[in-house]
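All chains are identified by letter, namely A, B, C, D and E, in their written order; residue positions are counted from 1 within each chain.
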Amino acid sequence: MKNKKKKKSYKVKNLSPGTMAYKGKKESSLIDIDIINYNQNIYNVVNSKNIEDAFSLKEKDVITWININGLNNLEDIEKLGKNYGLHPLTLEDIVNTQHRPKMDEFEDYLFIVFKMLYYKSDDELYYEHMSMVVGEGFVITFQEADGDVFDDLRERISNVRGRLRNSNSDYLMYAILDAVVDNYLTVIEAFGDKVEDLEDTVFSAEPNNDVSNNIQAHKREILKIRRSIVPLREVINRLEKTECTIINEKTHNFLRDLYDHIVQVNENIELYREMVWGLMDMYMTIISNKMNEVMKVLTIIATIFIPLTFIAGIYGMNFENIPELHHKYGYYILWGVMVVIFIMMLIYFRRKKWL
Amino acid sequence: MKNKKKKKSYKVKNLSPGTMAYKGKKESSLIDIDIINYNQNIYNVVNSKNIEDAFSLKEKDVITWININGLNNLEDIEKLGKNYGLHPLTLEDIVNTQHRPKMDEFEDYLFIVFKMLYYKSDDELYYEHMSMVVGEGFVITFQEADGDVFDDLRERISNVRGRLRNSNSDYLMYAILDAVVDNYLTVIEAFGDKVEDLEDTVFSAEPNNDVSNNIQAHKREILKIRRSIVPLREVINRLEKTECTIINEKTHNFLRDLYDHIVQVNENIELYREMVWGLMDMYMTIISNKMNEVMKVLTIIATIFIPLTFIAGIYGMNFENIPELHHKYGYYILWGVMVVIFIMMLIYFRRKKWL
Amino acid sequence: MKNKKKKKSYKVKNLSPGTMAYKGKKESSLIDIDIINYNQNIYNVVNSKNIEDAFSLKEKDVITWININGLNNLEDIEKLGKNYGLHPLTLEDIVNTQHRPKMDEFEDYLFIVFKMLYYKSDDELYYEHMSMVVGEGFVITFQEADGDVFDDLRERISNVRGRLRNSNSDYLMYAILDAVVDNYLTVIEAFGDKVEDLEDTVFSAEPNNDVSNNIQAHKREILKIRRSIVPLREVINRLEKTECTIINEKTHNFLRDLYDHIVQVNENIELYREMVWGLMDMYMTIISNKMNEVMKVLTIIATIFIPLTFIAGIYGMNFENIPELHHKYGYYILWGVMVVIFIMMLIYFRRKKWL
Amino acid sequence: MKNKKKKKSYKVKNLSPGTMAYKGKKESSLIDIDIINYNQNIYNVVNSKNIEDAFSLKEKDVITWININGLNNLEDIEKLGKNYGLHPLTLEDIVNTQHRPKMDEFEDYLFIVFKMLYYKSDDELYYEHMSMVVGEGFVITFQEADGDVFDDLRERISNVRGRLRNSNSDYLMYAILDAVVDNYLTVIEAFGDKVEDLEDTVFSAEPNNDVSNNIQAHKREILKIRRSIVPLREVINRLEKTECTIINEKTHNFLRDLYDHIVQVNENIELYREMVWGLMDMYMTIISNKMNEVMKVLTIIATIFIPLTFIAGIYGMNFENIPELHHKYGYYILWGVMVVIFIMMLIYFRRKKWL
Amino acid sequence: MKNKKKKKSYKVKNLSPGTMAYKGKKESSLIDIDIINYNQNIYNVVNSKNIEDAFSLKEKDVITWININGLNNLEDIEKLGKNYGLHPLTLEDIVNTQHRPKMDEFEDYLFIVFKMLYYKSDDELYYEHMSMVVGEGFVITFQEADGDVFDDLRERISNVRGRLRNSNSDYLMYAILDAVVDNYLTVIEAFGDKVEDLEDTVFSAEPNNDVSNNIQAHKREILKIRRSIVPLREVINRLEKTECTIINEKTHNFLRDLYDHIVQVNENIELYREMVWGLMDMYMTIISNKMNEVMKVLTIIATIFIPLTFIAGIYGMNFENIPELHHKYGYYILWGVMVVIFIMMLIYFRRKKWL
């Protein structure tokens, strides 16, 4: 982490608007292209590493879905952009992996930016920048890395009877977004389970900074999830309301349904956010409870033995004239007195409900 | 709980939109159908296990209320959907028991999703997914399990003179929603009493993690109640404002009244939410008060006896030349001094209001 | 309180909409009716226990104000409703003492629900449900119990020269609401003084659970005040903007002024709410301050005497060969060493500003 | 303070709307009137105690600014109101010193209520109720007491070349409000400095209730400032957007600028509010830090000396057969052991970073 | 800091609106002017100290960018204002370095105020007031001090092929704002890293007031960043929506993109604000954890040794008749008993998980 900080120079990188600058982490410049052409009758899949294969496939009455994996081969993406008439700002945002979710309407196409979130096996949350260009008869999706979120979707396209085969590119766009939002629901559910685990830990573990740290990490995580997902709600809302001709009347019902789903995702995010926030307060009371318990033990021990020790100290004094010391049963009487004091103390503590 | 977590795989279940997937807990695939046909003169009730009985009953000038209990017989529900011309997305949402409350307007019918909440005898809150299709002359309600919320309503339908018998299906829809919202008021009232009990516990109980846990559980509960109820407010607001022909002018007055009721429910939810939130803060002060009390006891005992023990220690030393030890009344004088110190300490603590 | 909880059954009381159900506490079914008829020249007052007296009095060019005290004689109120053509929902809300403030516009009349709040001598806040029907030429107000809020108003009506005598029923409605809002201002002012008293208590009292309890009670109180008053703001706003013919153009200026007043009431509520909320935080720091003080006393005493006691313990040991013990002035030297240690400790604590 | 509370009776003072009731603190009924008449060529100033002087001065093509100091001579103000055709509600609000800032548009004039805030030498914040009537060719301002806020303004009027001399009464209104808002900026700046001082105190002072009290007092102060200033934002916004003919097109630019200023004032208020709120949290951590430090001292002393005292106690026992006591160097060996224990303890504490 | 406070007099400086008053810190009255003239073919740069050079350069079909460094030479700026027909309020706001970001539309030009933020090497945040006048064919920017934010931009202008050279003054305005917003992103990123460092410190450092102070300082910083940046969002939103003729249709796409960027900046600000706020809570739990640990050490030591010391005290008493003392192995038996007690205590603490 230290190294990371050292590297940063905070130099203002004020590039010309429309200049493409890849801000992701992947370093290989390989690009991987999946092209699916389909309509009611046709269905063929092409996999290629050569960007030119994505140029000539557009046929009449066929829906083409081009999926680009890998965003750091700027040249190839620029070529693609020229071929499909994409605005320079669109190209800039395709490769700017830090851009927030948004939608832009251009004359010929819609451009949508969103984030994929998934938990890998190490329980950490990964973010992937995605974008999508939706035109008449084609959809181009751009991914940083190869994910498996769309496998179900591809299978559904291969199914001749599915609604997808009988619909236009706008329905494919909806199907992609639907897959993304379904994925969000899964991520939020997983986060919810993590929060429940954390709650259990908070109650059972001995207070220590790991727990504080853990709660704080969950706070950060839900804030980042929120930042990645919440803007998509507005995007879908605008998609539903847009008068853009690419989106058919029939698809609006589906978009409205999608909007309900993203609203539900957002409500769940808020729910877990409030619960994580509440955890810190609760943890504070738990620490205080523990400290209270510790203090009680100390107080009970000290309160019982300090006066008794004082009494023992009295008869350890070397005064010449201490009559009690010479009493035959003095020692036994003293023990008796001490036991009485001890019992009275116990009764006192029990009354205070400290024992 | 551990087991539950193990089972979850967080696999993205990206089904084709319009695909029905039952997400509830009930496993039996039995379906239970109550059909009520009524108008000003007619009133008959049919109970059946066979979904086909719900298809042919639609007669002219008769209101038909079909209540379906059990959502996991997907085939039957699909058949019903085809018979009544329901959109695939509607069917998907009928059986998706995790869907949030919402309203969809279709050409021929209104579709409303909402939640039933009730406390069972074990003081835990149960959620039930419900949905309702309202068409011209018929209402179909879908329940996960058989509840008794509508018993009063059924009785009112059987009453020849009631307004229900003289009204259309939109008034039946209103009457059903009214029963639901009345039920919410009862649930919130019960929750409010639980919060008051909790407040009493917080004050009387010795601080321990059960109390923290209990407050946190109430926080969770009110957050979940809120999530289940609050969206219905928007649904009812839209119902009141919709220009859909199914809803007659006359019913708008009633829907406005219903809207006032759901607003009141929401206000009560916010009220109790703020009170539960405040409880955690208050509990923190109570713990601190207790700790303060514990510390005072310790401090009083230690402050009184530690100096006295020191004095006793002094005269327990074995120096050859300690003149006090040889004084005839040394021991008695020392006792006097100690009593004086003791009394002065008591006065000091009383001045500080620690005693 | 226990009993109260036992009684509650949380049975859903889903009555037919428009069914009247008195939910208040008053048990006598007596009804007390004050009728005032007035215009520029006429002024007469009738007091009656018989509801029929309220039916025939409506004359041309005379404003009639009928004030009903007591809401649990449902029959009488229903008769009145029929006589004046009130909607069943209006009748339901007149006697539903738990209904939130609202306004309904009907064809012939406006219906307004609001709450009266007042502190009785026992410093507790009482809520009274009130409602008002405003028609062309008459105003009917419904009260749970006989209050004195409108005494000033009645006096002003009796004054021939007052604006009331020259105005229509809408101005009487305004005058009643104005009296209510003035009353709110008084209640909030009284609450503000209670908060100031509480603040004084928090500072002066020894920390104990009564104080926490007291703050929590004030939180509850302001939340309930808010719930009773805030919705009236929206009611008055809608009254000002309504195009209902009952309200004359001239009265709008007054309603706007009234709106300013209710906004001021709401601002004061928010002000005191934030102050009460802040009190809990402040109380927490006060408890911590006290504990800090307690701990300091303990630490000072222990830190001074524990080392000294240790030294005394050293020379209380029975080793045969402890040369210091045989020194002629050993005892005196030791006292000297102890005094030096004592003084150094005092200096140390003073530097730490603990003394 | 006690006395103040005793005096309050919380009697609802429901006066007839439009009834003037002075609620301020000033008791003298003297009134002090400053009249300035000016246009491009004319400029004269009159000071008078006689309200009639304010009636006849209105000439054609001359702007008249009448400034009334003192609001408790209700008769005079009523006469003035009649002379200038002011609505009774306007008169009521002129003398109701507790009214919140607002704007009313009447046919012939605009009526604006606002507050003057200033710190006197005793660092306490004073509030002064002000109002302003703006008509075609005249402005009347009402002040509780004589302030010096408008001295600069008067000087600017006396300057022949100033924009004021060439503008209408609406520009004078703007100039007065501009002076008020400039004054707010100064007050907020002073409050900001007080908050910074408070922050210093919180860090340097030994925790005690004065600090808590001080933070709470600042909370109260900023809440009250906010309540006095924030509503003026809406007033100025409406002034800018009003279509009232008194306000010329040319003045709108200035009002928009004024609106920017009042928005900035509000942003500063929110900034300081959040900072004061944060102070309480920070103060809590500071108290805890101090307590932590106190506890460490206690723990270090007790942990070092309690075991050593125990060892000394062991060899203070009077058993006949304790071989160590008879060892020639027993005493010296024991000292060695004790020193070793002491050093090990110090190392332990240093490792824990407690020393 | 004390001095600074002394200097402030809180005198209301109510200057005539449109009066220029420099409120910045720079004292030299030197002014530094950079003038760039360009179009598709022409490109020349002039640097001058003489304000008159900025008057005559406006040629047809050439875009002129005049950058003024230094705001305290009021005369020069006034001359410039007269030359370009700037409104007095514009001139006032150009030199009022405390003005919040805003946009004013005048007939001939747009006026935009914004802030530059940057971290210097000392890790402190500096604010610089900037403003911009955009007219047909020219842009004038006003800076307090010479910054390097626009160096990239100047280079891009010098590039013949760039979009800037083929665009109008509105695109130059966009390019300047884009550079500013890019700079914001960098500042926020740097702040984010500071927050992460702070979080590390909070976890690792021993609790002390520096940490509290540090968190509070970060709170202040993010609040001030927010105040400087957030209003620009509204400015850009209005720029995008304005119908002012200076802004061409083509530029709207770019302004929308810029709006997305400023929204992202604001989201990041909110994210870090919530994280800094959460830090204080977390720090509180960390302090409590540490105190808990301290208390445990004290309690363990005291609980083990106080009873043992009591036992030793018993056998240090000087009673004549204590039989145990005369037992041959009494001393050894006692040691055995003490070791057993010690071990039992250890087991007890381990069970409580305190060890």
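The criterion applied here is as follows: a contact is a pair of C-beta atoms (placed from the backbone, for glycine too) under 8 Å apart; a residue touches a chain by one contact, two chains touch by 3 or more.
Note that this is a predicted model, so its numbers are computed, not measured.
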| message | Return the chains shared as contacts by chain B and chain E, ordered by label. | response | A
| Copies chain A and chain E - rotation angle from C-alpha fit, nearest 5 degrees | 70
| task | Between chain C and chain D, tell me the centre distance in angstrom, where each centre is the average of that chain's C-alpha atoms. | result | 26
| Cα-centroid distance, chain A relative to chain C, in whole angstrom | 42
| task | Would you pick out the residues of chain E that each touch at least 2 other chains? | result | 281, 284, 288, 291, 295, 298, 302, 306, 309, 313, 316-318, 322
| task | Over in the complex, which chain D residues touch chain C? Could you list them? | result | 1, 5, 8, 10-18, 87, 89, 93, 99-100, 102, 104, 106, 206-209, 211-213, 215-216, 219-220, 223-224, 227, 231, 277, 280-281, 283-284, 287-288, 290-291, 294-295, 297-298, 301-302, 305-306, 308-309, 312-313, 315-318, 322, 324-326, 328-331, 334
| What does chain D use to touch chain E in their complex? | 119, 149, 152-153, 156, 162-164, 174-175, 178-179, 182-183, 186-187, 189-190, 193, 196-197, 199, 203, 253-254, 256-257, 260, 263-264, 267, 271, 274-275, 278-279, 281-282, 284-286, 288-289, 291-292, 295-296, 298-299, 302-303, 306-307, 309-310, 313-314, 316-322, 353-354
